[in-house]
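Please go over the structures that come below.
There are two complexes below, and they share chain A, which is joined by chain B in the first and by chain C in the second.
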Partner chain A sequence: MNKTQKIESMMEVVRILVGLVIAYAVALAILFAISEDPIYIVQQFVLGPFSSPRRIGTIINLAIPFTICGLSMCFMYAVNKFNLVGEGIFMLSACMVTWVSILLAPMNLPSVVMVPVMLIVAMLTGIAVSFIPAIMDRKFNANVVVVSLMLNSVIQSLATWILRYQMRDSSIAYLGSLETPASIQLPKIFGSFRIQSGLFIAIICVVVVAILFYKTAFGWKMRLVGANPRFATAVGLSAVSISFIAQLAGGAFAGIAGATEMMSNYTRFQWTTTTQHGFDGLLVAVLAKKNPVLVPIGALFLAYIRIGADVVNTSGDIPTEFVTVIQGIIILLVAAESFLSGTKNKLIFKAAEKEEKAKEAKAA
Partner chain B sequence: MAEVMRMQDITKIYPNGFVANKDITFAVGEHEIHALVGENGAGKTTLMKILFGMEAPQEGKIFINGKEEKIANPLDAIAKGIGMVHQHFMLVPSLTVAENVTLGAEPMKNGLFDFDGAVKATQEIADKYNFNVDALQKVSDLSVGQMQKVEILKALYKGAKLLILDEPTAVLTPQETEELFEQLFKLRDSGVSIIFISHKLEEVMRICSKVTVLRHGRCMGSMDIAGLNEAAISKLMVGRDVVLKIDKEAPKLGKPVVEIQNVVKINSIGKNVLDNVNFTIHEGEVVGIAGVEGNGQTELSEVLAGLSSFASGDIKLNGQSIKGKTVREIRDQGMAYIAEDRMVEGVAGDMSIKMNIVADRFTKPDFKKGMFMDAKKINDIADQYIKDFEILCDSKDQPVRMLSGGNIQKVVVAREFTSGANFILACQPTRGIDVGTAEMIRKTIVKKSREEGTATLLISADLNEVLECSDRLLVMRKGKIAAAFPKANEVSEETLGEYMLGVKEMTQEEMEGLL
Partner chain C sequence: MTIDWIAFIAEGIRMATPLVFAALAALICRQAGMFNMGVEGMILCSALGAVIFAHYGGSVWIGLLGGIIIGLATGMVIAFASLTGKADLYLTCIAFNLMATGGTVFVMYLLTGEKSTTSGAFRSYQIPTINIPLIQDIPVLGRIVSGQSLLTYLAVIAVAFMWFFLKRTRVGLRIRAVGENPKAAESVGISVNKIGYISFAICGVLCGLSGAFMSMSWVTFFMKNMVNGRGYIGLSAQNMANGQPVGSALASLLFGFTDALSTTLQNQTNFPVEFLEMLPYLATIFAIIITSVIAINKRRKIEQGMAK
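Showing the complex of A and B:
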């Protein structure tokens, strides 16, 4: 029994490593095929992201929204409701934060008041939006995936409408909102690394979600409902309302992610399409196996390969699109739980056989 | 009369060591409706799966029309003239009757599916055997009885000469059953042999000419129906392999704990799956429910556990009605529930042993410390129960799915026996687990009733278990209580079998005072 568990956890690591190796091998093969100078490109792809403090900082900055979006998806994933509305929430919450901050600007409130207020606005936005697919799932058994994807287009148009008709700055040549008050613009930290102070928000979020998942009754409820909803019902938990609340909580974190991105990187809201962050959050949650503690690692990894692609793109003859291919392979191999399961079962079988023989020898 | 099919000395042992069939010989003649009867788990389904090519036996031969054949898979079986109608229909609801019937052997025209040809062919067979179905109708618009006809047509279209019907009347109304029998007679007369699997002895007596009885994977004999009666068949079907004994003193009955009053539950097709059920369980007694599976036991347990609702009547637990209450409320009122299928409702396999043990109680205030869970208290409880119930594991943090069946069931009972409830609803508590664990669970059930005054409802397909653990014994059939006995260990298997299979039924007066 003990051995079985060891083999299971060992194979989990091996599986992810083999997945990564295969993905890199494919990437290298493609590079060798399409590049004039593959060795240089490979070097750039693997080491490029670490070649300057600025680039390392960019990895971390990119990992910040990935982390918070990943946490958001952990809630959905934990209760097995693939509510993908995080994508829309990310955009709408950035939009709402901008709008509310512009409306509050005349009051000249200090940062210590404004930033928390903005985060609350973002969370309320997230909860309100994810309420729609969640309630439709609960009351009408409407598929959350379909509803949330459709809702994302609605939200995109809504955010664009707010931008165009409620807060457009007509004095600039492009489509953008009025400038946000300085009190909500988060500073950069660590000198030449130029890391966003949103990092602290992300760290706090990870700690809060990890505690929520593993130390509180609600986290236990969510995990039980996700693992076996019929069992959860039979021991007296309300599977329906728990997964409903989990979706709202996930929405709140997607809201925080959008607000953090807005306050850290922009002085005007200027998105007219959604930003893929919500879907990246899903990738991160899958990579982290819905464990909030592992979410930052998944997020950093995703950010690292994205920056690698950017570096290759600017310094060589390779289009960024190729990174999508590698990404796809990695996610596929990491998410495919049965990958290498044959090897795993063989190992378990051998271990069991060995144990039996040992027992027999002992008996003899 | 020539034999169309003969299975000779079939032995099938599953990888987990379960002997499903042992040296079974079974032959079907021409123009014959042959009944295959036996309790759940007697090996009927396995035997038919072997005949239909879905399972490979370890030993034995199969002869079709006197010639030895190997049946590799269901397609092979169909090619050899064997057709099977499964208990759960295998139809595509969004397609028409004709499309379903011809699926797999479609008539073609110019390399494309010939829909008109399919309709024509289907209608021809349907008319030939007097099957009143419209080939152009969509399957989703049909009644259950008509769907079954489509299933039979499917087999006939593919040229079946031997038709296996697995409990065909279980889903039918009495009128539909009559109609089905008429058609079976017609099929028999036109040269199709039929294997009729059923628990309903009156049907077997009515339509079959021969019967083969299986018990615990062994063949108890094949006989002509003429000259047999239902009691004789039931005696062969129901019996115990090894008689198990549990020593227990007479129960000291206290106040009523569970009062079930005129409970009726109607399922989605309008059948009364619980039909005016009435009985009471007192403090300190174990009430057993025996019965062929599918006679309302599952529905009764779901209703009692608060997992499904009922149409009328009332259930009181410790004096309060449970009607419309949530599972949480019913559990707080004093119910503990050992679910029929432990992997579905008994545990969350991916979660730790610890979480599974406290799953029913961690939300309560005494498991909290401020905002958080009281980790120390939970760990202590888990360690204690792992020790008390001798759960073999590495640690309390191990996922439950890594344990053996018996140890998983120990996790379930560790939770349910310690929940503080005074009513334990135990459904198939020892199904598929090792002898040692089964004994521990049975003894604990009896011990709790004697020492703590727990009221227990034991629903089990294991005759040993219901006869030995229970004080009072009830038999369920067709959603009703068909019999009641004051002392379970004095009931003979023969008598029990007769009531389980509907050979006899007690009147309300006979059961007076025993419910």
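Showing the complex of A and C:
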């Protein structure tokens, strides 16, 4: 790595950190401006998430689906296809897992069989759904973003229909499915932290995706296609089919995320709208700069500000929605190439100047 | 089951209004070479802006103006991030739409204490409907063409204006030049960034009109996520028509009818609501497939012609 590259990668980290600090400052400013007791509220927002083991556990629990969704978006983002279908897949795979598990319940299979079966169901759901925008992109050159967003609306209605007409429990007052069999309900671990055992699924996913990205030929091809599709085509790679496969893989992981969330936190499926997890996944992938190893860190940060917002919401009646604004600001700042580019260029220039002088000194 | 077909057609035209504005808004950016998905969020913000301005200004016209101002402002935000900040336009728009969904709820809560709708706290204003003197007396046509919202007629004018603007004015030509080949345009002294900002400004005004229609004509209040993909549908409509104003309007009309069909069937039949709700989105997906196939065939023919 030469000096310029070093400065560039260092500035990338600095840019993300500065972006986060600015967004966090905006969040604090908003809280300061609108609450009646700003100091208490800000303190709650910053420290509240760490105030009890239960809350720390909640941060980690929240970070689990964020991590897996972030991995899913890493695939899409790596090949520069903003296929946002993860949002719909998350909901549909939770729905399918519930449905299939209810259908399989009479067989009384043990958890060892059920949980993997459910994960396979979820992955197949994800691949099947993600196939639609991916194939349309490949065959018809249709815009993946628009198609996937339209598809999300369709899926939302589809999942609600399945819930209402195929597996509704009419004995409960609200709209909810029948209870899932105990064999797919994942236990909580670590005592008072009450962390989901889905944590292990998330860790395995991170390791698998990291290996796939950095230790396999496919991962290398995928990153090349994303970085420079024309070069990739020129050296004989099929950019179209690589990005197609990457989108299917992303779909599979979004499916796993939905299933994990369902199996760890719910005993009944009861969503009638999509859950924003797909978009959260995008934020995490952007923060992690499509690097699967950094995804958990991005996910933990997002979970931390989310819980902070929840704490503030309960103790100060401030709507949690302001977090989405903060989320947007973070994406914008991290994505904006000009942000701090002046500083970067100055540093590179200075380093080059220094090198030149050193050379001159040697020559003299 | 009997469906009032005349009412259905009138409803289809009404539902197409916000889509036409959205399509034109996306179109102007596309002509300048930018794929602006942000129209969805821009319309949502404008819809809320219109209601707020109308409530505090005490007049429907101030509301309309407010919608346009907010549309313009949000357009500038996206333009600044993508043109000056050089952020990826897709990411910018996705981030912006995310901010719009949460931000509108946040602002609404601060002002009204409600999280789902402003209907209780804010006075509702409606953009007047217009009865056209002679035409309203013609039996069938009168019920369809007359008595629509002022904005619906404005949408028709906007389509004609857009055609004229793009084809017959200097700025329109420059916008198209930038869209066609930004480097070539730059080389003859056109500022690509300036043209980008102009397109986003026009886009913002159109989004403002679309948003004002949503919250002051479609219904007379703002509700959470009320735009519900209409920005994207407008975007697909102009995509289908290859960025041509008249074609985009016709495609929007088609989607307007799908929307009207979905609501009409929901009211008058007992078909599962969930499947009817899918209709506009499914129609969009199919329309995208069909137009893409046509475009590909056309290109293939041209290539074959060149081979001969």
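One rule holds in what follows: the second predicted complex is superposed on the first by the 362 of 364 C-alpha atoms of A that agree within 3 Å, B and C clash if a C-alpha of one lies under 4 Å from a C-alpha of the other, contacts with A are read in each partner's own complex, and residues count from 1 in each chain.
Rule of thumb we're sticking to: a residue touches a chain if its C-beta (ideal position, glycine included) is under 8 Å from a C-beta of that chain, and two chains touch if they have at least 3 such contacts.
Since the model is a prediction, treat every value here as computed from it, not as a measurement.
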Touching partner for A:Met114 - first (chain B), second (chain C), both, neither: neither
First (chain B), second (chain C), both or neither touched by A:Ile41: neither
Partner chain(s) touched by A:Ile195 [first = chain B, second = chain C, both, neither]: neither
Partner chain(s) touched by A:Lys221 [first = chain B, second = chain C, both, neither]: first
First, second, both or neither for A:Ala249, with chain B first and chain C second: neither
Partner chain(s) touched by A:Met123 [first = chain B, second = chain C, both, neither]: neither
Winner by number of chain A residues touched, once chain B and chain C are compared: C
Which of chain B and chain C A:Val235 touches, first, second, both or neither: first
Chain A-facing residues of chain C, complex: 35, 37, 81, 84-88, 90-92, 94-96, 98-99, 101-103, 105-106, 109-110, 115, 228-229, 232-233, 235-236, 239, 272, 274-275, 277-278, 281-282, 284-285, 288-289, 292-293, 295-296
Sites on chain A touched by chain B in the complex: 1-2, 4-5, 8, 211, 215-217, 220-221, 223-224, 227-228, 230-238
Chain A-touching residues of chain B, taken from the complex the two chains share: 305, 307, 326-328, 330-332, 337, 339, 344-351, 355, 359-360, 362-363, 367-368, 371-373, 375, 392-394, 398, 402-403, 415
Residue ranges of chain A in contact with chain C within the complex: 34, 82, 84, 132, 136, 140-143, 145-147, 149-151, 153-154, 157-158, 160-161, 164-165, 279, 282, 286, 319, 321-325, 327-329, 331-332, 335-339, 341
